[in-house]
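Chains: A, B and C, in written order; residue numbering restarts at 1 for each.
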Amino acid sequence: MMEWETVIGLEIHAQLSTKSKIFSGASTAYGAEPNTQACAVDLGLPGVLPVLNREAVRMAVKFGLAIGAPIAPRSIFARKNYFYPDLPKGYQISQYELPVVGRGQVEIELEDGETRTIGVTRAHLEEDAGKSLHEDYHGMTGVDLNRAGTPLLEIVSEPDMRSAREAVAYMKKIHALVRYLEICDGNMQEGSFRCDANVSVRRKGTEKFGTRTEIKNLNSFRFLERAIHFEVERQIDILEGGGAVVQETRLFDPDKGETRSMRSKEEANDYRYFPDPDLLPLDIEPAFIEQVRGSLPELPDEKKHRFMNDHGLSAYDAGVLTASREMAEYFEQVAVAVEGQAKLAANWVMGDLTGALNREGREITDSPVSAEALGGLLRRIQDNTISGKIAKEVFEAMWAGEGDADQVIERKGLKQITDTGAIEQVIDQVIADNPSQLEQYRSGKDKLFGFFVGQVMKRTGGKANPAQVNDLLKQKLS
Amino acid sequence: MSLSQEQVKKIAHLARLNVREEDLDTYARTLSDILDFVEQMEGVDTEGVEPMAHPLELSQRLRADAPTEPDRRAHFQRIAPAVEDGLYLVPRVIE
Amino acid sequence: MHDKTLAELAAALGDGKVSSVELTEHFLRRIESLDNRLNSLITVTAEQALETARAADAARARGEAGPLTGVPIVHKDIFCTEGVRTSCASRMLDNFISPYDAGVVERFKAVGCPVLGKTNMDEFAMGSSNETSYYGPVNNPWDTQRVPGGSSGGSAAAVAARLAPGATGTDTGGSIRQPAALTGITGLKPTYGRVSRWGMIAFASSLDQGGPMARTAEDCGLMLNVMAGFDERDSTSLERPAEDFNARLNTTLKGLRIGLPREFFGEGMDPGVARVIDEAIDFYKKLGAEFVEVALPHSGLSVPVYYVVAPAECSSNLARFDGVRYGYRCEDPKDLMDLYMRSRGEGFGPEVQRRIMVGTYALSAGYFDAYYLKAQKIRRLIADDFRQAFEQVDVILAPTTPTTAFRLGEKTADPVTMYLSDVYTIAVNLAGLPAMSLPAGFSEGLPVGMQLIGNYFDEARLLGVAHQYQLGTEWHQMAPAGFE
């Protein structure tokens, strides 16, 4: 049995969240009527010319600084020539030989706690193409150029990933990063963040890379994972069958869970890159870079280490909580509310809250229970108003929109019973009603202690303070 | 440099130009003449010379990020060969 | 009236001796009766011109007129004009009603110049004889069996034949200067970046530059004052303080150092042309100018370099013409490839297709370094030659073309021979310098052009040097027989 090693490199396309396009003044807002946001420049009318958007440059620089990459003092825009209906000018303005962001790296963490460093070869600015709509227009394809000219940052990785799991972790890391930096909304359904995966396999121990295929336009982490799994299997089958992998562009079909060769890219491309004569060299002054550096937010890795140091969280918890800027901010707000009990905050955010969000497919930013409200709930656990178990019930009610923690506790009468006399009264009743169990307990059947606790909790509707119940029961039963 | 008719066909295809069979010979001849002519460049010593893509040594000006272009779809599509529901129509694209 | 220069017409308008409507009607009548002999205009826009003329007269009555308000002109059909066909002399754009105005067109609109029409040209400005136009060749008014030069052949012929007092042109490798020379008018190609390229349909973006074509240097200066200026829509547009390009018309030429590049006076130059240029040199000597021989050792390579750089850029610039959003679309395309191949194959003429193919080849994998990159390196050497020359001299004088106007059809079968008719003009575009051509005499009844090349941004000096020549000569006043 031959052992195979997978080699993966990703080209991530992040749409930069500028208000206008990279080379024109048309809006980049998503979801407009077809071609209503395609101006003369985007349509490639005869005689039109591009002018570069400063904000797109700033965002690219921001990304470069965040991955520790050098920013090119001079970079060049080049034309990538090919014909396609969604490419109005017959060329895409991109960067080829001199990209704005040079070599950097990111660290990824796998579920088992292992970390790996993935190299980023480069990141460059380019314009997005339009969209071809293949619904039937009498056997024709419709072309919408609203997206044409939207700024993209193409982030090219080294072929450093060895599994689909690593590729997903890397893509998630870049996803978190661009959202932290507020340079991309990361909306994968709308195509704001997508990737092409270069996949090859080689025999373990060999140095030379195998022939790779490029899987185009993967717009979810799940698709990336499935596409790589399928493609790796496919390539291994070919090689083990004595065949050769063909270098080609493939498309992932999520319905069938397989990749297939792209007909439109069959022809070997000769993009004829050359410097765009309509654009001059992009010179970035050190002062501009320093200004951008000053605007950088706390980055995920820095935040993670701070969470570990300041809040005493484990590396895993800190990693999960800093996976997105929104979750980290949410957590910190809750942690402030329950000062000194960050672990309680972490457990709730990662547990009940994330569970509820996932159940309903919601983002943390539109959670029905705000960080402030969750903090209020946790404070009631802290001050013994309710138990952790009751808190779950309160949380569900808050999730359903029944008010804040105090309102729910009040209305439902969930306030914990901490009055010793009241608890003793219930205990006495329970003992009186269960003489045979009492006898068995007293003759050595210790396990029945739990039975008595259960009965007390049942009769108090779960509201008795569990610690007090324990103490009092022990006294009465002995 | 002499281009064959096959090479001309390949270049024409890359440039998406439908060249009629009967014109291939003329194109092969004239293109070869032009390439022969420009081959004089070969003899020039350009060691260490920076290629010049622009006549002026200037750097790219940057634009403020503001949406300034209104919707002019109707205006622009008046001159389009085929549109429907605001989309430009082309023969079916197979991916 | 039509024999007056633009400056004289502007003065007449200012003095109230004539109205813009009268002038416009007069030139429209001339076009109507004479252009069938020349084919200099693709589209005549009589109604719009008269409308602008009426508005100009009204503005003048209100005291709101500028120097050129009400003076009619024509635009080369490479400049986009909103609501008016902008064909670039190509079947590809025969049906293209531009949805917007070029920067240059806006500027003349703002001044209130009636636009009589759009002039014929070589298809997409690719040609040196105006014979590649989809609308047929333009005839030279001095001899209608001969070409007017190209690519701005229609603009040149219209001005020479007094169908318009001024015209816009574009110059990528000589397309203003060469036809100006061949038709006996004055034309100026400004420093690259002076005139906005917004809305000027691109042939070779790093070389293209719009400029004025008129009868005199003074007229060219008046037009350039309107045309030049920063345009934020063009990344290559120069940001410089406003300038009156006619400010140095009367500057003395005493002590002016004029360079004569020995490479421009070699073999291939017609003896008649050589004689005329020698006479011009003598004239300048009398005005007190000093002549210095300068060397432009790499200029001999300008034509081969140009025929790599320009086609490379054009192959990409013309990729947008694909039959999808505007322009020509072939009948019943059977699939997408067919749509592209036939729309482009039928929409472009042979010279345009030839250049697209040369450029495609020069940029393609395996050839890029040997062609495109090599050409861009030599381009720098050519520009450096000029830089050194301008350390010694103020302007450079040379012939504009090696011969006078050639016969229609004489060079169409052999592209390289045709390309060599721009041998003296192309280096200037590669370097991005300003240069002009002005009438300097005749050889066998055909006009000969003298070229003046200036240092970057030195248009005002060039115009002054030309104006001083025109004060003492009458070549620029000669009208072709039948068009007086």
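Basically, a residue touches a chain if its C-beta (ideal position, glycine included) is under 8 Å from a C-beta of that chain, and two chains touch if they have at least 3 such contacts.
Everything quoted here is computed from the prediction, not taken from an experiment.
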item: B-C or A-B - the one linked by more C-beta pairs in contact; value: B-C
item: Geometric centre: closest chain by C-alpha means; value: B
item: Between chain A and chain C, centroid-to-centroid distance (C-alpha), Å; value: 57
item: Separation of mean Cα positions, chain B and chain A [Å, integer]; value: 40
item: Centroid distance [mean C-alpha coordinates] between chain C and chain B, Å; value: 23
item: Residues of chain C whose C-beta touches two or more other chains; value: 96, 99, 206, 232, 235-236, 315, 319, 322, 324-326, 336, 340, 360, 364
item: Chain A, residues touching no fewer than two other chains; value: 40, 43, 45, 51-52, 83, 85, 143, 270, 277, 279-280
item: Contacts with 2+ other chains: residues of chain B; value: 14, 16, 53-54, 58, 60-61, 63, 72, 76, 82, 88, 90-93
item: Interfacial residue positions of chain A with respect to chain B in the complex; value: 18-20, 24-29, 33-40, 43, 45, 51-57, 74, 76-77, 83, 85, 132-134, 137, 139-145, 251, 262-264, 270, 275, 277, 279-283
item: Residue numbers on chain C that touch chain B, as the complex places them; value: 95-97, 99, 192-193, 206-207, 232, 235-236, 238-239, 298, 301, 303-305, 307-308, 315, 319, 322-327, 329, 333-342, 344-346, 348, 350, 353-354, 356-358, 360-361, 364, 370-371, 373-381, 383, 414-416, 419, 429-433, 456
item: Footprint of chain A on chain C - complex, ascending; value: 79-80, 86, 88, 93, 96, 98-100, 102, 197-202, 204-206, 232-236, 312-313, 315-316, 318-322, 324-326, 336, 340, 360, 363-365, 368, 372
item: Parts of chain B lying in touch with chain C, wherever the complex brings them together; value: 3, 8, 11-20, 23, 26-27, 30-31, 33-35, 37-42, 44, 46, 49-56, 58, 60-61, 63, 72, 75-76, 78-82, 88, 90-93
item: Residues on chain A engaged by chain C in the complex (per definition of touch); value: 40, 43-52, 79, 81, 83, 85, 88-91, 143, 270, 272-274, 277-280
